[in-house]
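Each of the next two complexes has subunit A plus one more chain, namely subunit B in the first and subunit C in the second.
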Partner chain A sequence: MNISKIAIRNITRQKKRSFLLGGAIAFGVFIIITIGSFTSGMTETLKTNFTSIMGGHIYILGTETLDSGRVVQVIGDTADLGKAISTIDDLVEEYHIRSQVGMGEIIFGSKSTTLQISGVDWNKEEMLLKTLTVTGGSLENIDNPGMLIIPELIADKIGVMAGETVLVRMDTVTGQKNVGEFTVAAITKDQDNFSFISMAYTEMGYLNGLIGLGPNEYQYLNLHLNNIEDMDIASERLAAELKKTSPVDLGKDDSDDEKEDQRHGFMFGGFAPGAVEEPWEGTKFSITTLNDIMEPVLQLVNILNIVSLSLFIILMLITMVGLINTFRMVLIERTKEIGTMRAIGMHRGSVRSIFLLEALFLSLFGAFGGIILSGVTTIAAGLIRFTSDSPLGLFLNNGKLQFITSPSGILKVVILLSIMTLAAVYMPARKAARMKVVDALRAQY
Partner chain B sequence: MTVISLKDVHKKYPLGKTEVHAVKGVSFDIESGDFISIAGPSGSGKSTILNMIGCIDTPTEGIVTINETNTIDLKDKEITNLRHEVLGFIFQNFNLIPVLNVFENIEFPMLLGKNPLPRLERETWIFGLMDEVGLGDWKTHKPNELSGGQRQRVAIARALVTKPQIVLADEPTANLDSETGASIIQLMKKMNKEYGTTFIFSTHDQSIVEIADHVIQLKDGKIIENKRS
Partner chain C sequence: MKKYIIGLMVLLMVGISGLSAISLDEANRILATVDTSRNFSGIDFSAVMTMISEDQDTGVEKKKVQQFRRDDSDMFLMLFIEPASEKGQGYLNIGENLWFYDPQSRKFNHTSMKDSFGGTDAKNSDFGSSSIADDYKVVAVKEGKLGRYDVYIMDLEGTNSEVTYPTVKIWITSNNNLILKSEDFSATGRLMRTSLFPSYANVGGKYLATKMIFKDELIEGKKTQITVTDISTKDLPDSIFTKSYVERVNR
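Let's look at the complex of A and B:
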């Protein structure tokens, strides 16, 4: 107790020196914690955004080969899939079946813009309905064929109001051009997360007719799990089950470029029909998970984290050199004092402890400053609202950047810093403890 | 009762290629409760002898015993404990801990021990000591806010706080004017009478030697007079 009191007071003896060292440590801690908070916030945001736009965590896409040899996106034989899915029923919260128009063009009068349309089965889309905030029209008759829900951004661009009729130009699954007529049932607030991708929704049966699918066919089946942690287990179990009856591609063990392209195309709705591949019987399923999609992001996040950790370690190494020099100086400045304390009956270990504690407290004060600074910065940056068409769109949560600061991350930084500090000061501390009392007392200072 | 005994003690300091023979075969005994002065001109070996008695330096030859223990055989831990339990130190330059206030400086040695007194008893004892050395009103002052005489009074209280058998004071008045110096010696004498603590102080000032019960006169590392009244 007495020793820590002396250690803490010693820090205040050379205020400027302590302030500079503490400041350097604070800066390093600030950098690493802020970057860490940003990357984990970004990862979380991306996961949420992808889950929302994709309608779940596991995405099953069906492809079939037509007699002509052309490959189309469709899940025709739903019986096998249904059976396979029923085996992971316990893990799934909601099933969403969807058809999709990747690059459509919505036309109203003389104005037009591009959009994506998801054909959905409104009876199975409770989650989606919850996220839609109506600003015009209503969701009452959306079950009716040809009723379209569009985001505000699109409505504003082409100047359409609820109840008015629009035309949509699109490609069928076989790559032909087609045009459909829709009635704008509702205009919804730009979806919180994904305003930059303009997703419109319509009843699936009508859309299927326009893109050349049967009324009971669909292209994707997306599973929203009860627990996001089950993603890999669920997809593995599902794949194993499906493999019994049908060919299956797994998102993760796709390594050749062509399939890579296909997956990315799938992600953004731009599937290229007619890819050269051996024809197969029935429906081939490809199973992709949120984790697969997140993989490049996670890799990027990893790199960022490694870079910031390296930066932190380099900054701290430089600081530690300063710390070592400071404590060498301290050793000289306080030789007589150490001699006095030893003469009075202080043991070597306590002299060493004073040095080590003094350095440790200095580092911890610095770290505390860095943590506070990082907290203030991330809170302030998290308050900034970006416009909905900001290039940061994908990284925004309700138009804001999200920061997640984990206590365990802070703890790791503090522990690493403490170890470095103790290692740096160990030699001067040992030297202080080993001084001969009589020599120390004879010293000038 | 003999508390300290030096038998044919020599101390040589290496100095370049030669050596300085600072203490040349010194022997004497010190009785418990005495007020002893080690006197002699500068360079006569006073500090060297006090350091050896204080177990912060070791003789090159000869034996130093404290309470019949040969101090040369002790390990650093045991020596530190001995210094803490049996000895008190007063220095020429006061040597207070700058970051601690008056009360804390005096308390400091008590907290170094394994079983310090409970807080209340400790405070009562320290406040009593502070009153006795005349610093009752200076509890929270830092050393750099005190005069030299006051600092040495703090040092006296600090040396006595653990109730040591022996207090060693190496030229405690050398940095004080003669009047203040005399009052410091008087204070030490008072404490010697009150607590029965053995005081050994060194001085090159012959005028304050008289107050001692036992005077050891040194010259060139040898005793030229050893007189116990």
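Let's look at the complex of A and C:
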């Protein structure tokens, strides 16, 4: 107890020096915790946004080849898929069937802009309905053919209001040009400000008619799982079952860039389906999970985390060199004091502990300062509202950046810092402990 | 009685003028000659196209594109020369594959012949070899006038579900089978685009539209006018129709 008190008192003896050392440590801790919080928040936001916009965690896309060799997106015969799906029924919370216009152009008078339209079965889209915040019109008649729900961003761009009629230029599944007439039923708040995709929704049957699909056909089956952790298990079980009857592609198997681009193009619009080298019989299913889509982002996050950890270690190494030098000076300054303490009965181990504890407390105070600073910064940054067309749109949650600071992440940083500090101060501490009492008392400095 | 006879004659004349002067088979044969007269078989072709796009929203934009065509091998290359922000971008078509090259990302991406050409009202397919007789069949034909030209007005229907526009109406000069105007309709029957070809040049025995106007019928005031100049039928080196050439011109 006395040792701890002495260590803390020693820190306050040289306030300026302690403040500078603690400040350097605080800065390092601030950097790593802030970047860590940012990347965690970014990953989580992205996962939430993708889940919301894609309507689930596992996405099953069906493709068929025409006689001409052209690939079209359609799931017509659902028997095999239904059988395979039933094997993971226990893991699934909701099923969403959808058809889609990847790159539509909504036109109102002389104004137009691109958008993505999902054709949905409103009777099975409880989750989606919960996420839609209506700012104009109503969701009352949305299951009527030709009713369209558009985000605010789109409505503002083309200057349309609820109840007005718009045209949408689109391609059919075989690539023909078509135009559909829609009535804007409702204008909704931009979905989680997910501004890089402007998603509109309409009743699936009407959209199917425009893109050349039959009334009971669809393009995607998206599965919303009870537990997101089951994503890989569910997709593997589903693929294994489906492979018994149909050709199956897995998102994680995409090794070449072009194939991956094609898959993402199919999902997010903009990809021109073309001829394939080897046509297949029936429907080929592609199973993609949220993890597959997130992979490039997760790689980026990992790189960012490695960079911030490296930066932290470099900063800490520099600080530790300062710490070693400081404690060497402390050793010289306190030689007589050490001799006196040893003369009145203090053990070698206690002298060593005073040095080590002093450095450890200094680091912990610094770390505490860094954590507080990071907390204040992330809270302040989290309050900034970005415009919906911001390049950060992909990472925004309701127009704001999200920071997630995990206690375990902080603990890891503190432990790493403590180990580095103790290692750095160990040599001066050992030297102080091994000092002979007589030599220490006799010292002239 | 005289009144009835005159009335009957007027009715007959109106009726006759409404009837097609040529049969559908004959009209389909004319359609085939359109392809023959527009495709540069046996020779290479190059030109510079100046595109002026008007849009109430974005104003007037000018683009200049160098075009290289080898119809025999179903190949073309379109390289953007102007504006500076788009310089080096290109569309390379080899057979069934059409790529768009972006010098910023240095990547080739697959695109479709049905897509808009560089954001204009023209389609990529407007600049390749013509295959109208393969893609469409005549379902109705009548004679008429477009300005001072005698024309056949033909209603065309796609022969398959993959043609860009399911139905098209074209005005073809009756003396030399040149398309002067076309109207492209969506699958729901709505007029989407009107194209006008007011002037042609005879290049090596083939007809080339030297002025084209594409009007977007869905967006008010949106149109693109294309003028073709610096036309040449000199042989082009094979290397032009390669990805490495497109990359090389951007170095």
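Everything below uses one rule, namely that the second predicted complex is superposed on the first by the 438 of 445 C-alpha atoms of A that agree within 3 Å, B and C clash if a C-alpha of one lies under 4 Å from a C-alpha of the other, contacts with A are read in each partner's own complex, and residues count from 1 in each chain.
Heads up, the rule we're going with is that a residue touches a chain if its C-beta (ideal position, glycine included) is under 8 Å from a C-beta of that chain, and two chains touch if they have at least 3 such contacts.
Bear in mind that the values here come from a model prediction, so they are computed numbers and not experimental data.
Aligning the shared subunit A places subunit B and subunit C next to each other free of steric conflict. In the superposition on chain A, A:345 contacts subunit B only, with no contact to subunit C. Between the C-alpha centres of subunit B and subunit C, as seen from that of subunit A in the superposed arrangement, lies an angle of 150 degrees, given as a multiple of 10. In the superposition on chain A, A:438 makes contact with subunit B only, while subunit C stays out of contact range. Of the two partner chains placed by superposition, only subunit B is touched by A:337; subunit C is not. Contact with subunit B, but none with subunit C, is seen for A:13 once the two complexes are overlaid on the shared chain. In the superposition on chain A, A:171 contacts subunit C only, with no contact to subunit B. Of the two partner chains placed by superposition, A:383 touches none, neither subunit B nor subunit C. Minimum Cα separation between subunit B and subunit C in the superposed model: 65 Å. Residues of subunit B that touch subunit A in their complex: 51, 54, 56-57, 76-77, 80-81, 83-85, 89, 91, 93, 95, 97-100, 104, 108-109, 111-113, 158, 162.
The touching residues of subunit A, counted against subunit B in their complex, run 1-2, 5-6, 9-10, 12-13, 336-337, 339-348, 350, 437-438, 441. Contacts from subunit C toward subunit A in the complex involve residues 55-57, 96-97, 109-112, 114-115, 158, 160-166, 184, 186-188, 190, 192, 218-222. Every residue of subunit A that touches subunit C in the complex is listed here, in rising order: 66, 68, 70, 107, 109-112, 167, 169, 171-172, 174-180, 210, 212, 258, 261-262, 271-272, 274-275.
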